[in-house]
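In the two complexes below, chain A is the common chain; its partner is chain B in one and chain C in the other.
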Partner chain A sequence: MLVLMFQIGDNRLALDIRRVREVVPRVHLDRPTMAPDWLAGLFVYRGHPVPVLDLHHLLGAGECPPHLSSRIILVPLEREGGDERLIGLLAAQVADIREINANAPSMPSLDSSSQARLGQTLVEGDTILHLLDLDHLLPDPVRKRLPPP
Partner chain B sequence: MRWRLTDYSIRARLYVLGVLAFSSTLIVLLAAIYLVYQYRVEGPRHIPIKYKRMTRAEVAPPSIYLIELYLVLQELETLTKPEEIRERLTQVDELAKQYDRKYAEAIERLTNSTFRRRMENEIDRTARELIRVARTEYLPLIGQPGMQAKISEVLRTRILQAFREHRKAATEMDQALQREIDHLDEQLISDARTSLFWLAVVSIGMLIVGTLIAYLTMRGIVEGTQVLIHRVEEMSLGTSDLTVRIPVETRDEMGRLAEGINKMIAKIQSIVLKVRESSIQLLSTASEIAATAREQEATVQGFSSSTTQVAAAVREITATSKELSGAMNEVNERANQAAMLANTGRSRLVSMEATMNHLVESTASISSKLAMIREKADNITMVVTTITKVADQTNLLSINAAIEAEKAGEYGRGFLVVAREIRRLADQTAVATLDIENMVRHMQEAVTSGVMQMDKFSEEVRSGVGKVAEINGQTGKIIEEVHGLTARYCEVNEGMKNQAIGAEQINEAMASMASNIRQTAASLEEFKRATDHLRSSVELLNQEIAQFKS
Partner chain C sequence: MNTLPVVTDCWNQIGVRGDHSCPELPRVVHCHNCSVFASAGRRFLNAPSPDGYLEEWTRRLAAPIEITSSDLTGVLIFRLAEEWLALSVLVLVEVTLPRPIHRIPHRGGILAGLVNIRGELHLCARLDQILGVDRSEVACSISRTGRSLERLLVLHREDERWVVAVDEVDQVYRVALNELVEVPPTISRALVRLSRGVFHWQGKSIGLLDDERLFQTLRGRLR
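Let's turn to the complex of A and B:
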């Protein structure tokens, strides 16, 4: 399957391309006051305000580096009632799409909450990938604290 | 503090003595005058006795007349002739009258009431009784015959009795008066004796006190004077102990005199001490002077030999001056040659300065060209940044294209491949851009260091130009100096000649100095003799002073 590759801290991560709506450059973000650390800010995408989450903060990997390849991945998020809303994920090294074998051998997850939140660990070629699972990444408390659309 | 006579001045004591003598004499004299006045004849103490005696004299007369009367009465006893009897009778009347008169006189003068009463009561009463008995009982019987026996009886009994009583009273009163007079006399005598006794006692007492004070005063003066005289005689002998002081016990004139002498001795002592110190110092000074004189003598001798040496040295100087004159001329020629060389060096330096200036200009143009290269490199960096942005955009576009192609499913497969190729191209572009960026950065660093080195070189060249200018100036100065030297050499030559003349003069001065030194040696000899005299005099002074113990 096709995955979008990016990097959080020292970890290489992959996201199923079918879950991605679009990749946009890191634009200016409006950051509301009293917002949690992991909320990088809001920007307007086609007439709708979209909240952007800093994956580095969310996974405890410090600050997102200010490079050109640090981009926002727009993903649709299903909500109760069947309709969906868009959220942005700020990540580094968002510059490659790769074909991976879905049946690649997976590594047992280490007993660490942050590692667990990275999702399934795969070995692809000579690199270790974490296949990101959005449902694991955004637990209910985080979703509830997202600003309303 | 105990009272002492010596606490008062001698003058005060003498005054007291004089006043005491005068006053005691006056007191005794006044007392004597008083006593003489009191006890003189007709004095206050003599008058009562005199009156008593007068009283006694006045009391007697009436009695005498009565005695006479009684005698006449006795005569009448035996008389027979009438003429005689008549005569006797008239005599009796006469005597009676006389008595009355005398009595009246006596009673008038008696002032003492005791004696007056006694006179009236006893003497007069008995007298009147006698007269009355005579008149009434006796006289009528007279001349009558046959009455002889009666007359005798009356005379023998009544008249005799009365007469006896009268006599008794008179005698008693007289005795009483006599006793009183005796008593008064005794009293007077004893009073006078007592007064005289006390007068004598007072006189003797005052005499003793006066003598005592006079003795004490005199003794104080004499003793004090003897101590002072003894001390002063000791001092005058000149071999006295100056540390001893006269003990001052009194506060009178002698004490003050002793204090004065003590102060004088202290003064002499201090003077002697100072003289002693001074003489010792003088002695040491004399010794120093003698030593100095000896040293001076040695110095003069040394001086004499030095003079000879100086004369020899002056001769040497003269010879050396001549040699120096020759050497100077040689040096002058060399200096002129050096000046010529310096001139050629100077012209070469001028051409070198021009070359240096040219170098400075070339360096400046190289610097400006390097700056231009740097500017160009900056432009290249801007282009590279733009290329990088384009590559980035291309990469993003390829990703989004891949996402859209995936959504299109089977129809998008071909497009997916195109998207991957675009992404690869973009990546290659990015890598190439990175290489260019690195190269440009290296070039920029090289240019920067080149500019810095150019600057340093330019600075060095500039300082080289400055140094060349400096050397040029110094060379100019050297040439000037060398030119000046020639004139100086002439001066030096002149000076040399003068020096030769001066040396001659020094030689002459040395000769006169040698004679002066001989004279100085002679006077030093005299000075030494004088110093020896001084020393012996000071020693004599020391011996004299040593006589005083201080």
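Let's turn to the complex of A and C:
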């Protein structure tokens, strides 16, 4: 499986590239007042507002570094009723695409269900890799609070 | 992840942009494949973004995508003697370095012989003869670093495979098929018949070959 590699805090994360629409550089984000801290803000993407989630905040890993390699991963997220909307995921070290063995020794997610979850844990070489599961990344309370399309 | 320290811009000194004296170069072939180059790139990406970077990208991403032409197709641009030509990437398998072509006894004409591409034998055709382009007088093309620019193109369409030799390969370019103009009748008849049209690129007129007719001709002329 071909995955996009990135980093949140000390964790190496991977996302199936079939789920990725586009990777864009960091931009100025408009933060609505009273927004929850995992919402990095909104920006205009090709004429439409797109919410950007700060994965560092969502996963409790501090601040996203202001580096060139910190980028926004745009992923379409399916909503009830079949339509989809685009959301942005702000992550660090978004610089690599790699072929990984999806059948590598793995372990299911350890996190509790009420919080954001990293997803399946894989062994890649001598390090541990978390395969991001978009459908389970956002706990229901977060998903419900996303701005409507 | 590789954490080799970056101390120099060695690719400019002893690498492909320098004098090629790096002892690692034969192993990695090009600096782009070297871990020193990769970690230098990583270090660059770990720098804070420069002034104006966020503003520029905010502006750029807000703008809607302009759709200029919907009928774009990828073509590989190459040179045969003096003629600049293009062929759809849909029939292109690979571009490779020249290697010995083994002549088949008692067969000449457009069949140059057999060529070994990674263990598989392919028929190699003389594209210059098929298109009526005179390649005999042109001196061997040499790049700035003194290497031959000649390449072999491996082509595939349906279940046929052919290899042809060309003098230089430029790049893959996206061309709008509805912007093709007719081939001027001043060039060779065979070239007119096997072309879909001409487009302009970097001040050159480039003939886009019709891959269906080209393969038909290759098949027909070989009998």
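As a convention for this text, the second predicted complex is superposed on the first by the 139 of 149 C-alpha atoms of A that agree within 3 Å, B and C clash if a C-alpha of one lies under 4 Å from a C-alpha of the other, contacts with A are read in each partner's own complex, and residues count from 1 in each chain.
Just so it is clear, a contact is a pair of C-beta atoms (placed from the backbone, for glycine too) under 8 Å apart; a residue touches a chain by one contact, two chains touch by 3 or more.
Given the structure is predicted, the values throughout are model-derived calculations rather than measurements.
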item: Chain B versus chain C as contact partner of A:25, first or second or both or neither; value: both
item: Which superposed partner A:95 touches (first chain B, second chain C, both, neither); value: both
item: Partner chain in contact with A:68 - chain B first, chain C second, else both or neither; value: both
item: Touching partner for A:4 - first (chain B), second (chain C), both, neither; value: first
item: First (chain B), second (chain C), both or neither touched by A:56; value: neither
item: Chain B versus chain C as contact partner of A:46, first or second or both or neither; value: second
item: Chain C-contacting residues of chain A that also contact chain B; value: 24-25, 68-69, 95
item: Of chain C, residues touching chain A in the complex; value: 42, 44-49, 53-55, 57-58, 61-65
item: Chain B - residues contacting chain A, complex; value: 388-389, 392, 395-396, 399-400, 402-403, 406-407, 416, 419-420, 423, 427
item: Residue numbers on chain A that touch chain C, as the complex places them; value: 24-28, 43-47, 66-69, 93, 95
item: Interface residues, chain A side, partner chain B - complex; value: 2, 4, 17-18, 20-25, 68-69, 71, 94-97
